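Both complexes below contain subunit A, partnered by subunit B and then by subunit C.
Let's turn to the complex of A and B:
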């Protein structure tokens, strides 16, 4: 292996690692706020990547049906609760959030698709289609189970994964798509040939991480999420609604998932089920970081990206096996550190 | 109401007759149902009962299936030899994976099962020896199709019965306590980690057996049967059927297998395309179930159809051997400078006291004085930061709770620690765990019925002793709190302890019940048992104990006879505030 191959693989690894890092952050965020192991994150990646490719080809992405249908379902759930609580004053807001917004986004996509707008507009439309899915999924699938144990929520995640992946196949079909590159430019940096695409991915990841850091450090909503993560009951007592915190964390997760999908779509061909694997790599990154600390999760994800790049050079057939088997050493380490009786006090049913 | 036996007989009859009355295609479906039942049965024990979740059972099925496929096609070996080797491999892998995940908290295992599920799927699909993604064809069959059908179903039914037997046994009660009551089980001598590993191993071996049968039934092994979705499907089957019910595995496997077959034909023709759309329906089904009926379909069906059976208790069973109690007045327990901190909070600061055999020692003090922490140090639930605890001449600090239980220390919990869905009798029988010795295999084969009768008879005697004979068969969770505390005492008594630790036993009892409890505790003392008592009801304490130790802020405030302690100025100040 020559030096420029090493560097070239490193660039590849850092590019993928940056995306895994974003995903790891989102997964950690959702887990700490809602206790949900958010497996369906992967579907947001696939949905976004495929939607972008379809918009570029001048077609309306089928995800608009998922958005409108999901919005109606969520509105139905919310209206049911409002009727039960005799709080009809909530209905206009529900109608606006779960029905008007999704329909407006869908209409925008319909209008924009044949016009083949600039890339920037297309990216914004894709975000507009995917991001509302986060709170919708939370409202329909997780909020009714908010009091359930981690394991029940995990099963619910697998169910949501099944539904969204199946719908992905229905609306996007089984064929893989790759969107056109954001830029073909490349720079020479010493011996390293660096593509603008890679640079953009890393830059976008850094910007999002910085924004998240500001959001959690400075804004009242960020602080509310942190409070909920630390003490759910305490946060509720000071007026932070669990539903709001959950919806907000899934909104962020959907945004990060969609952004990852947009960033990765020119780099690799995406199928309806590719996102699942990419999302799981985010989990592996988070576990490499011990599933507790945000900076360690980022480091874990970068290590994973590099490992994947070198593994695909040495033995591309066993790349996935190596990447997913890497979970074993940190588990051994965590296991040696743990006290056997440290059980999470799960609520008895 | 239909008795369970009649239902079972009808089902077995149907299965026996199926090859003669059903078309070939439906018999094939029955075979698939049975193979899936075996795997999800393992998950019922593992996830539903023991609370350990796995999405990776297809890995074990795959290992056994590929082992037999390779041995029989490439090396001309016998399928039976391949079964032994395959299951040995499965056991090795399961022990390794169990060792690195079962100590960790709940969510690590399911995530990692998905991860190694993917890792091994890509490995199966890329190894030249394994025929890459095309797989291994021409696996020999075990026998003709009808015989194979009977083999598969005999194995399935045998495993269902064996699993039901297991859950209704000494080990089974311990397994049922694992999910929410690990600390309690450990305090009565159950090695929780070992038991979890055993259940994990069983679930893996069940999956392996199913994989072996699958390879010889289908005569073809390829990676697609062992992808991640297969693992998710197995878990869904267990949950849909009713994850804590043995027969739920059969119900769930039947429903999902039939549904999958039905949807395969229906959905694509409705949408005009192919693909595995059934996963959308499965997903929606799961969501509805989780939100509406999270314990699955088995309990719903059981409510209509099956009459609950009362267990027979042979009160004439020979009594269990009893522990020899130490001579009255002999040194029993010595706590020297015990200390415990929780972060910055000092719960206990160098506490020392002694206890002699056949004594009732009261440990009193205001809330937060460190009484329950002291209990947790003595029973090994928490490790002491400093100091020594000596019981009958040997140090017990730093030992596992199960090891301490073995030496004859039993306890009750301040926060009632019962398995709510189990009957009073079964809860109390957990206390006698260490007085039996028959393990999982004996239980599956019902070769431990003599010992089981003794254990249950002992438990029934102790339930009667605390005055709950009328509630013997009721679910422990349905009793009022005061009676639940009595169940706690009965459970501790059935361990036949030398030293009994009682954490607020009288809380929630009515006056007459308190009188009866005090009489019982005095009788225990006269039989040679020693009691360490934490209690807030001073009238109850003063009339009962031989000596008192008063704690305040983790330190000993006073010690001595009840009458002397009652007039001690320091004690009065701590309880009533200073006299100005």
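Let's turn to the complex of A and C:
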């Protein structure tokens, strides 16, 4: 193994690690606010990457049906609650949020697809199609169970994952797609040939992390999310709507998932089920960071990316085994450290 | 005593009920799930088949196993017990097909395996493998490598059964063709990067590289190799030959060479090629029904299964009626002895030791030129 191979692998590891880090942050965010282990995170990656490829080919991505259908379902749930509470004044807002917005985004995609707009617009349209899915998924699948135990929420997550993956196969088909690169440029950096695309991945990840840091540190919504994460009951007592916090956290998760998908779609071939594995690695990164600290999760994800790169050089047949096996020591450590009564306390809450 | 009489009467009644006039072909395919992109092609082929087998009316019962071996096993048992299938066909995944073949052997009915599964013993006794064995396909690559004076071959393939199958085929061909496999790198279809494997491959400096992937998944290593400046030949296997591979790989896969059945490029075959007429006819009918450019090797496997049955059924009908064990055994024997059945993929000559029956007439080499698969010149004679 020569020095330039070490550098090449490091570059590759950091590029992948940056994506895993973003996903680890999203998973951690959703977990701390809603106690949901957000397995379907990966579906947003696949949906976004495949939608972008289809838009570039001038086709309407099938995800518009998922968006409209999900929006109607969520509106139905919300209308049911409004009728029960005799609060019909909420209905216009529900109608706007869950029906008008998804339909408008779908219509935009229909209009834009045959026109093959600039890449920037296509990226915005994809974000517009995928990001609203976050709150919709929360409203339909998780909000009715918000008080359930972590295990029940996890089972619901698995169900959502299977539903979304199945829909992905129906609407995108079994074959993989790859979108055209944002830029073909590449820079020489010593022995390294750095592509603009992988530089963009790292840069975008850093920007998003900085934005998240500002959002949580400065904005009222970010603080509300943090408060909910630290103490749900307390947050409710001071007037934070935990349902809203849940929807907001999934909105962010969907945004991060969609962005990751858009960033990697020119680097690799994406299938309808690729996102799950990428999301799972983000999850491993979050666990390496103890599933509690954001900076540690980022470090964990970067370590994972590097480990994966070197493992694929040294022993590619065992790459996946190595990557997923390193989850075991932190898990053992976490379970030894935690108090056995934790789950009961949650249920009593 | 009484019980025995009732049981005997019941058994007689059942036997009478199962001896039906039509032949039932039980099919299980992965029409949904991860294998769906192939399964759909297999299913389409059934629309182009005739209404009879050897002159006897036939009923195809097609079930979806969602590309899951457990479901394939369930479907096979259901087809045997509820539909009284006389013969099974399936599935588009090797693990699923193996499960079905086991069920067929238990029920003592013949089975046409539509993936290149490796079977043995009693299971193989009842099973006939329609597609070309991986080794037969890869021998076309090995021949070409030898002809070009290649000695050191780098290998990168899926970290699953398919990657293993292609690697083992290359391994067994290495000696007779004077090749040396210098790497056994593995990757997964869902990997976001193969940089590590590609660096490893290139550091061993091979004369040519063989990729053990399939479809769009096989584009990933080739694109990475080309990006890293690899200039020598890259060979694939028959699982890669489809239009999506070129769509995903773009310019980077220009020049990629792979073996395939003659069905993929029938127009370019010389007129003397034994399967030209059957292959061309099927391709035309398929594209007329499902649209231009939809041709693929997979539909041909299902169709060849039908042609094999059509050839074997007349001999079996002389021994028993459909639905009886005599017919099943006779059909098995007849399939085992088919001679010169010209299919879309090749000419089938089976015998008790060879339940595939294809020879080198069943493969040609194709190459990506100008964004489409074309016959490699001088090949297919």
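For this structure, a couple of remarks:
Note that in this section the second predicted complex is superposed on the first by the 333 of 349 C-alpha atoms of A that agree within 3 Å, B and C clash if a C-alpha of one lies under 4 Å from a C-alpha of the other, contacts with A are read in each partner's own complex, and residues count from 1 in each chain.
The working rule: contacts are C-beta pairs under 8 Å (C-beta built on N, C-alpha and C of every residue); 3 or more make two chains touch, one makes a residue touch a chain.
Predicted, not measured: the structure shown is a model, and the values here were computed from it.
Put subunit B and subunit C next to each other and count what each touches on subunit A; the higher total goes to B. Of the two partner chains, subunit B is the only one touched by A:163; subunit C is not. With both structures placed on the common chain, the touch criterion links A:317 to subunit B and to subunit C. Judged by the touch definition given at the top, the superposed model places A:177 against subunit C, while subunit B stays out of reach.
Of the two partner chains placed by the overlay, only subunit B lies in contact with A:283; subunit C stays clear of it. When the two complexes are overlaid on their common chain A, residue A:334 makes contact with subunit B while staying clear of subunit C. When both complexes are aligned on chain A by C-alpha atoms, subunit A residues 169, 173-174, 277, 317, 319-320 touch subunit B in the first and subunit C in the second. Residues of subunit C touching subunit A in their complex: 32-38, 156, 159, 184-197, 199-200, 203, 215-217, 219-220, 227, 244, 247-248, 250. Only residues 31, 37, 39, 140-141, 144-145, 148-152, 154-156, 158-167, 169-170, 173-174, 277, 280, 283-284, 287, 291, 317-325, 327-328, 331-332, 334-335, 338, 340-344, 346, 348-349 of subunit A touch subunit B when the two sit together in their complex. Those residues of subunit B that touch subunit A in the complex are listed here as 47, 51, 53, 55, 99-101, 103-108, 110-112, 114-116, 118-120, 122-123, 126, 179-180, 182-183, 186, 192-193, 232, 235-236, 239, 271, 273, 275-284, 286-287, 290-291, 294-295, 381, 401, 420, 477. Interface of subunit A with subunit C (complex): residues 2, 5, 8-9, 12, 15-16, 19, 169, 173-178, 195, 264, 267-269, 271, 273-274, 277-278, 309-314, 316-317, 319-320.
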